[in-house]
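Each in structure tokens, the structures are laid out below.
Here come two complexes built around chain A, the first alongside chain B, the second alongside chain C.
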Partner chain A sequence: MRLELGEIHISDIKLGDCSKVENGTLYVNVEELRALLLEDEDLASVDFEVVHPGESVRIIPVKDVIEPRVKVEGSGGVFPGMISKVTTVGSGKTHVLKGCAVVTTGKVVGFQEGIIDMTGPGAEYTPFSKLNNLVMICEPKEGIKQHQHEHAIRMAGLKAAAYLGALGKDVTPDETKVYETSGVMSGKEKYPDLPRVGYVLMLQSQGLLHDTYVYGVDMKKSMPTILNPTETMDGAILSGNCVSACDKNTTYHHLNNPVIHDLLEQHGKTLNFVGVIITNENVYLADKERSSDWSTKLAQFLELDGALVSQEGFGNPDTDLIMNCKKLEAAGIKTVIITDEYAGRDGASQSLADADPAADAVVTGGNANMVIHLPKMDKVIGHPEAANIIAGGFDGALEADGSITAELQVITGATNEMGFNKLSAR
Partner chain B sequence: MSLRVVHYINQFFAQIGGEEKADYAPEYREGAVGPGLALNAAFKGEAEVVGTVICGDSYFNENLDAAKATVLKMISDAKPDVVVCGPAFNAGRYGVACGTVAAAVKDELNLPVVTGMYEENPGADMFKNKVYIIATKNSAAGMRDAAPKMASLAIKLAKGEKIGASAEEGYMPNGLRVNFFEAERGSTRAVKMLLNKLAGKPYTTEFPMPSFDRVAPGAAITDLAHTTIALVTSGGIVPKGNPDHIESSSASKFGRYDISSFEDLTAADHETAHGGYDPVYANEDADRVLPVDVLRKMEKEGKIGGIYPYFFTTVGNGTAVASAKKYGEAIGKELRDAGIKAAILTST
Partner chain C sequence: MVKEIERAGVTVVHMCTVTPISMTVGANRIVPTIAIPHPLGNPALTHEEEFELRYKLVEKALKAFETPVDDQTIFD
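Up next is the complex of A and B:
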């Protein structure tokens, strides 16, 4: 498969009465977008704010972050099975509004929503402080259940990102990147001497607000399967999660999966990137056993020499991570896992809920229990009192002066387990 | 004014002699001796070795208590801001002496201290979780690498500055995980690690696997009809309103609540504080997590002897193993003291 990503660099977002992309500025017709989003009968209101890197602004609680994209050539459309039809994506040409994102907030859905600070110490831990963000404050109608609330905000974010992405369809990209993958046979013929490497991408699927969607399919109801790496760049995988903010994979992470980008960068040079095996993180033991058996079986079908495994969430999914690693290693496939740690506030506790000697090559995104002080910001978008109840917060986390003392867990994307960040621990 | 450093070394590095002088008794000299000169160079004027305590390795290890007391007094009298011991490289007795002196300086004199040695020095395993030990090469040829690391860490400690992660500062991992920013993002580090692993080249895991303590389940209860059963959960069930504010993740406490008057938990009286799952179903009927209704029925039917009047609850979500262990021990103690032989633990 061959996918061209045309990046349109966005340096500012302006709200007004006309939607367009011009000279690197994204103009948003607020009324038109609001009307589109309020077609959802579960939403009571949607308000918009624009925030830029370096501003003294806090967004809390953050549900999802999504990068606007649009399909320009090739089959299918972005976010297949959710916004576009289910047609297979990942080839042709896609335009990306680079440097900006849609951030959804509003009344907290689950306990596990996050914080984005655009400046100060908190900003160093989240990649989203470096983007121009269109923040959408989505408030639900009274009386709806949490899962309806989650669905409404998820769809609002995706609709908005698709709406904004479409504005870039006829804009000439500032930069074009080409991603080309090989078939199982042609790759072997083309790179006979390079190690065959696969990526086992674990998707959060514990259910009860912990879900991930692939072409619209709820991943907890799917067996592990194989994706072409470029499919993720068109939004084949979407977040439906309210798991801990620091290590949840937002839709932005899926679109810009760093493992996929780094493996494609090395494809044909130091390794042969054969494909992506997606698997789930279900809660029942039989599901865990079956899925880890299957991810290993698929890796053996692809005759992999090596595998990289990334995780989402912590605790319960640690068992899936270790099962995957153990079984891949036992099948003779050299494995590296990416995780993060819950070593306690003092760093002295066991970091993972499961362990095995086979996991002898681990990359860590840092200790999520580390306590951080987030100073007061001039402006807060959303509901600051959520700091007292979100995962990583505690009663009194929000201080009278507006500052927050909490665990790193509260910061969206801080200890990402796809290896999106430079944060680590020893 | 530069920081005052006192340096501890053995008879060999003081150029007094080798094994034949290993019974050399403690001696204090003004200023830097031997490797202290390399430290002074590495301090770049920010600190200075004002005095050196020298002791033979055999003397120290064979007269441990007396030698330690004498050495500590000499160090204390010199009024240092920070103490440096060694480095001992791969010299075993010297490593143990450096570790012993360093630990005593930290615990008894309450002064900051740094030592250094090779990772296979027996002193490393004995002391790396107690004091900062810079990892050095296995011979004195490693002084050029060791001196700047020991000097930099000593200055930071003396000034009370934040100490970075082991990989940044060069000290041996001491069981405390410390966050820091790497030069490359995690995915890039993972790809490089995998390429090394595939090529059979050396690589270093960022998180060595811990050894887990597994608990064998207790023997089955044979006389349930006369056994009182306790209910314990990490599913976060609490009286409505969460009176003790148990956190939704990384719980700092557990709760103990009276259920003696409850036949059935309902949305009117109980809910969950857990942040790791959609609370709708637990909030509708907390018996789904803490099965009070079923146990009351079994109690009436005479299948179980009774229910312990209090249930214990915490939130398992993101809670450190060390915290969970502490809560488990406290709960276990109360149940044991009350003569309770059986408990049902529910998770989520």
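Up next is the complex of A and C:
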């Protein structure tokens, strides 16, 4: 597959009466977008705010972050199975509005949404403080159930990102990047001497607001399967979860998965990137056994020499991670795992809930239990009292002066297990 | 908690879903349960069936208490 990503650099967002992309500015007709989003009967209101890097603004609780994209050439459309039809994506040409994102907030859905600070110490911990964000405050109708609430906000974010992305369809990109992948056989012929490397991408699928969707399929109901790496860049994988903010993969992470981008960068040079095996993190032990058996079996089918495994979330998914690692290593496939740590506030406790000597090559995204202090911001978008209930927060986390003392866990993307952020350890 | 209670001389049966974690942590008597969000229940069953399921699991745990073990043991 060959995918061209045309990046349109967005340096500002302005709300107005016309939606367009012009000279690097994204103009948004708020009334038109609001009308589109309020077609969902579960939403009572949607309000918009624009925030820029460096502003004294806190967004809380953050549900998802999504990068606007549009398919320009090739089959299918962005966010297949959710916004577009289920047609296979990942080839042709896609335009990206780079430097901006849609951020969804509103009344807390579960208890695991996060915080984005646009300045101060909190901003250092989240990559989303560096973007121009269109924040959408989505409030649900009274009386709807939690899963309907999650669905409504998820769809609002995706619809808005697709709406904004479409504005870039006829705009000439500032930069074009080409990603080309090989078939299993042609890759072998082309690069006979390079090590065959695959990526085992673990997707959060514990249910009860912890779900990920692939072409619209709820991943907890799927067996592990294979994706072409470029499919993820068109939104084949979408976040539908309210799992702990620091190590959940937002839709933005899936679209810009750094493991995939780095492996493609090395493809044909130092390694042969054979493909992506996606697997789940379910709550039944039999599912964990079956899925790790299958991800290993698929890795063997692809005759991999090495595998990179990334996790999402923590706790019992540590077992899925260790099972994947153990079984891949036992099959003779050299394995590196990417995870993060819950090592206690002092960092002295066991980092993962499960462990095995086979996990001898580990990359960490940092310790999510570390306590941080987030000073008061001039402006708060959303519901600041969520700080007292979200994972990593506690009763009293929100102080009277508007500052927050909580674990790093509360910050969206802080210890991302795709390695999207800057924290690590040696 | 399992280890500390045992260290104090009280036998523990750990009823849990993810038995590999229980093994890693060092529990000696492990009874596998249904699922992480509902270890001793199953929302797919009727109220009566769920009671039966729970009754049997507790019975299994009580048997595990009585069973001498030399090593970490999962009571399937």
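For the reader, a short list of remarks on this structure follows.
Here is the rule we use: the second predicted complex is superposed on the first by the 424 of 426 C-alpha atoms of A that agree within 3 Å, B and C clash if a C-alpha of one lies under 4 Å from a C-alpha of the other, contacts with A are read in each partner's own complex, and residues count from 1 in each chain.
Keep this in mind: a contact is a pair of C-beta atoms (placed from the backbone, for glycine too) under 8 Å apart; a residue touches a chain by one contact, two chains touch by 3 or more.
Everything quoted here is computed from the prediction, not taken from an experiment.
In this overlay on chain A, chain B clashes with chain C. Annotation for chain A, partner touching more residues between chain B and chain C: B.
Using the contact criterion defined above for the overlaid structures, shared-chain residue A:Ala355 touches chain B and also reaches chain C.
Of the two partner chains, both chain B and chain C are touched by A:Leu208. Of the two partner chains placed by superposition, A:Cys18 touches none, neither chain B nor chain C.
Once chain A of one complex is fitted onto chain A of the other, the partner contacts of A:Val184 are absent, as it touches neither chain B nor chain C. Look at A:Val259: by the touch rule set out above, it reaches chain B but stays clear of chain C.
Using the contact criterion defined above for the overlaid structures, shared-chain residue A:Leu285 touches chain C, although it does not reach chain B. The superposed model built on chain A shows that, among 38-46, 218-226 or 272-280, the segment of chain B colliding with chain C is 218-226. Applying the stated touch rule to the two superposed structures, the overlap between the chain B and chain C interfaces on chain A comprises residues 206-208, 316, 353-356. Here chain A touches chain B in the complex through residues 110-112, 124, 145-147, 195, 197, 206-210, 243-244, 258-259, 261-263, 266, 270-271, 305-308, 314-316, 334-336, 338-339, 341-357, 359-370, 389-395, 407-409, 416-426, going by the rule given at the top.
Residue ranges of chain A in contact with chain C, taken from their complex: 206-208, 283-285, 288, 316, 318-319, 322-323, 353-356. Within the complex formed with chain A, the residues of chain B that make contact are 165-168, 173, 175-191, 193-195, 197-198, 203, 205-212, 245, 247-250, 252, 274-281, 316-323.
Note for the complex: chain C touches chain A at residues 17-21, 24, 32, 34-37.
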